[in-house]
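First chain written, first letter: the chains are A, B, C and D, and each begins at residue 1.
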């Protein structure tokens, strides 16, 4: 169903380059995680970064949202260079993400998790909160409303108040997506959103990713090591292997690319 | 003031009346975004006028038709009322109907405007649009996924409303005229009968008939504007329309729309309805849930529960009916009420229910009595689409499982030679849309409606329904054979989901049984019987034994009734697949199509009346997405324990 | 089974997020407060007020502070007693050195002092986490007690090293009688507990818990780790400080620095472990439990062995019981008494259904 | 106030540092092997010393008492592993820490219950008097007890080092320390290793307790003196044996220096917190400690 959905004309046509990665290299001590990676992400597109395990996909994501600082290379957002990226700055710029192994706030309910995703939009001081002064209450209500839209969007009304710890894996992934969406990001980074899911769950997740892209016009950058699903839903694909870029283009081009095929030889997909 | 001048003979007029009388009271609540968003009568009336203005702009005229395709939502009811405001006819349709099933209603009714809930419904309509050229406007409520739809007919509800608000000032005069023009004899709505019998027909009902029946019933039960009802049944079904539209409009009470199907129960508990309607299948589902969940309770709690329920079984129903009961029992019951009944009513969300109806199908007596015994005033009523529901209603305190009560005010009953029930009442339908001969066949010259139901009046004046006339048959020996009666007796057992009885013109009665996946599955887990799915479970010897017991119990019961003792069930089989409306085995209201099933599974029927222990069958299954697959299975045929007819004991 | 929820629906987010969503609970709470404010002072004996209720309330407050830091923000602190000490001595000095200083103002100021000190010792939490941080807070514990001990100025150069709390006067009325003290303490604790609850269920609490549960994710969402942690330290220390001040002024009357040993810090930690980490209710339950246990034990002992057992035996048994209880709770019910209560409540709401 | 005095202070500090190192050693062993920060180490030290004294007072000869105590400590260690840590496996380190705090209370309680609360003298037959020859030659006074302690500690560390380096158990231990899962997968019996480690820690505690007790009497205070080992750990790094040795010496020396040269300005007693302050400073500069591995946090 995901495929068919995509066949429609796009609500948000793909626009200009929003994120530019240039010659990024990243090392841990001696270990080279990334070497001279360059690619661009255009507004409103679904951009996939694929590659076998250990190809440096996650490192790439972590560089984009400032968790890691590359030793060389630059990132530019809407044409302006980004110096000294930090996760917080990334968040403020409208980059939000999910994690490969779910990083939800285990002790909190689904609702609170997603609410927490909107903390950037809450400015009341702890005193205002403690005394429930108007601004605090207003922010609480306004943001709750937004969050509820997301809950509706992801069809998780029935688990709204459940502690995330009790949810099955698939749902947790969905909630994490919700938390990332809550920030109303310009760019959404998804770190292996379908890892460890059964086929229905994968299909659902595909649907939601596409719906997000389609409904909010969010630019999506997602990582997968499993070529299958991604190919159907992404507009363009970057292929990494051992920290080097070995392919870049439309799914079909990439599928045809000899280097890619070689890289994936042995990797059962 | 103006109320006295003009009669409140149409729904829009009633709406305006409430907007004036109780403008600030809640008219509709909708659970959305986690809270109950409330629409007052005033707000509702404004919404309706805006929509009406926009609809007239887009060409909806007196006598036109607006189809409604969606779940219970305030917008849907607003649109319905807006259409009626303009003198158009509302045509609610089943949202789970397949696209192909929609062609006939849309086409035959010459529908020009459609209200569709979401992308799913819109897609269906677009699919069949070529066959329904008349359609000019499709209003969709949820814009999720609709952004890139370019079709000119499409407009979002929000946009429509905006348009209406802009037009409102300019069109105020026109709206008032339209409102005044409308009168009771106009057609208000058209309902397509589920069609247990042949092709679906569009039943046209006038404002008068709907309002009259709604009012009579409301007065009978003393409903008032503090009552609350949950709107959860398909709006396309007359019952839903009466309880969630006609009666609220007449009385001014508030209806609540649940957030979604899976949250229905918790939502219902939140709003705590005072006025509740549930077809037998819903009551069954509730009861099944109760029994399943109590299965898991600790031994002590179970024991307490069992004790309380046995007491309730003895005296509960009588206490609920306000009959005299021994002091000891009464006290014991009030203790039970504290410990079990009260909490049980509450977790079911029915602790505030004053009046509850069940109808649509004859209800198993035990089922009815279960709810009454825990203090929920569930009553049966009799009626149909053609009669705007209310023909007979059981008065408080006179609830007998085997009757549907006396005729309500304004209704005349009479019977033909072959026991068919004829009804004359102000609530009768106007006509079958564009189908005069069908109309003539159903409603004769002097206004008697032929219900097609066989029944008789007891000396207590309460109506007793036996079955559909065409279904009531006789066994080879000429004794009465009433399949539905038998099926219902069996269906009361939580393990039995559906049952189909055969025996007309045969020497003995045999049955198909559909197990209830939830109940039997749970039972199997307890017995730790491993199974892969429904068909596997259905083929288990243990399950056959389980169902065998149920059948035996039914037979024991039948044996005590002289007229029915001969229709004890001799053989039965557990069907390998669930009967399904998508396969045409059930109607959309989930009534079994006995004839259809009989033809479709003739090999099985033959086998039942044969003697072999099992038979191989291939059946096609249609999946959600329309794909069709063949499943083949060995179906075991089981003999049931039967009992000698009880001798009539001397009084 | 006593809950009748049908018909209790919410039409606004305010209703949906209120502290007691169920009418029955709201009524129960009101009744409880009424009893606490009216019935108790009328009927409870002086001993009860002085030796049980007042200390219970005070320690509940301190436990609340510990819970904010450790339970909600996930920063283990072993220095709570130190922060109490700051509060106690600050309050004493404000009363002493600023003439005409109103008690309540002094109380707040002393809380603020504690908060400041708390933040100072919380600073390392920006670089270090978990165990390392625990050690840093130990430093606070030892340093504070040492400082208060060494610098006579804090104790107004009293040779005995013991300070005597000034009388608590508000608007001329002196809270001297046990009843008066009790009501004052109760009011303060109730008020602060409410504020804590508001923070816990609001945005503030969410950011604390986010940092606690998954700080990386929290940071990626743009949550300022430093500010959140320091904030938790400050607020937590504020509660401890006020608690300390009350401890000196409303409970003991005279204190010396050595009253705030690391042993006390441990007990406060135990209160939240047993009561329930990350719950307001837990702070109260835990405090009650830890305070009552020794009394129960000694009562038990005397009941069983008569007077023959000497104090050292009971005290060591007490240690053993405390220790084992902590371990048992950590293993069996890491969420403490509060969770047990919550579970029972859930079951009652679903009665007669088991789940 | 001359060079001699300075030397005395320094060496005295270093020697007491040996004590810290010894206690800290117990922490490191357990932390390496089972990732538990054993707050109860101090209590174990106290308990060991007390039991040893107790047994001697019961009339057991030195070596017998020593053996029995070792036995007791081994049992204690194993019991701890079995009843406290195994049920809590895979819990957050904070939880484990709190559990060991609880354990501290239990051990203290038991110790007091069994052996009473009074301060005990412990005589190892070495006088706490200056080494005569050193005093004669350099005029620097250093207690021979301290020196003895240092030697014993040295021997202990050396033995452990050998144990780790040469024996299978040692290799297994190191494997476990590196990666539990991996260790399990190559068939190392985790539980047994853990029990063993706790036993060793018990013995280390005993040695520390005896030396310390001999110098300042066996008393409840030992528990808190042992808390001094925490800053040592931080400075040395939780996972490094050599680290804690060095750190122990640093802390010991620094604390004495501070006490003697800075302390008076504040009326003394700054020992009680100085090491912690030192530790915090260290943390801010080098969070992973002197020899600890750098903490890389994967996302």
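In this section, a contact is a pair of C-beta atoms (placed from the backbone, for glycine too) under 8 Å apart; a residue touches a chain by one contact, two chains touch by 3 or more.
In this text the structure is predicted, and so the values were computed from the model without any measurement.
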Subject >> Least hop count linking subunit B to subunit D through chains in contact >> reply: 2
**OP:** Name whichever of B-C and C-D has more C-beta pairs touching across its two chains.
**Re:** C-D
**OP:** Could you tell me which chain's Cα centre is nearest to the average position of every protein Cα atom shown?
**Re:** A
Subject >> Most distant chain from subunit B by Cα centroid >> reply: D
Subject >> Separation of subunit A from subunit D, taking each centre as the mean of its C-alpha atoms, in whole Å >> reply: 48
Original post:
Which integer distance in Å separates the CA centroid of subunit C from that of subunit D?
Top reply: 33
Subject >> Centroid distance [mean C-alpha coordinates] between subunit C and subunit B, Å >> reply: 57
**OP:** Starting from the mean Cα coordinates of subunit A and subunit B, work out the distance between those two points in Å.
**Re:** 46
Original post:
Do you know which subunit A residues sit against two or more other chains?
Top reply: 67, 99, 144-145
**OP:** Give the residues of subunit B that touch two or more other chains, as numbers and ranges in rising order.
**Re:** 34
Original post:
Going by the touch rule set out above, which residues of subunit C reach two or more other chains?
Top reply: 12-13, 216
Original post:
Where on subunit C is subunit D touching in the complex?
Top reply: 74, 76, 124, 127-128, 130-132, 134-136, 138-139, 142-143, 145-146, 149-151, 216, 262, 266, 269-270, 273, 312-313, 315-327, 330-331, 334
**OP:** Using the touch rule from the top, collect the residues of subunit D that touch subunit C in their complex.
**Re:** 37, 83-84, 87-88, 91, 93-95, 97-99, 101-113, 116-117, 224, 227, 230-231, 233-234, 238, 266-270, 272-273, 276-277, 279-280, 283-284, 287, 297, 299
**OP:** Can you check the complex and tell me which residues of subunit B touch subunit A?
**Re:** 32-34, 144-145, 147-150, 259-260, 262-263
Subject >> Parts of subunit A lying in touch with subunit B, wherever the complex brings them together >> reply: 5, 8-11, 111, 144-145, 148-149, 151-153, 157-158, 160, 211, 214-215
**OP:** Please give the residue numbers of subunit B that touch subunit C in the complex, ascending.
**Re:** 29, 34-38, 228, 256, 269-272, 293-294, 296-298, 301, 304-305, 339-340, 342-347, 349-352
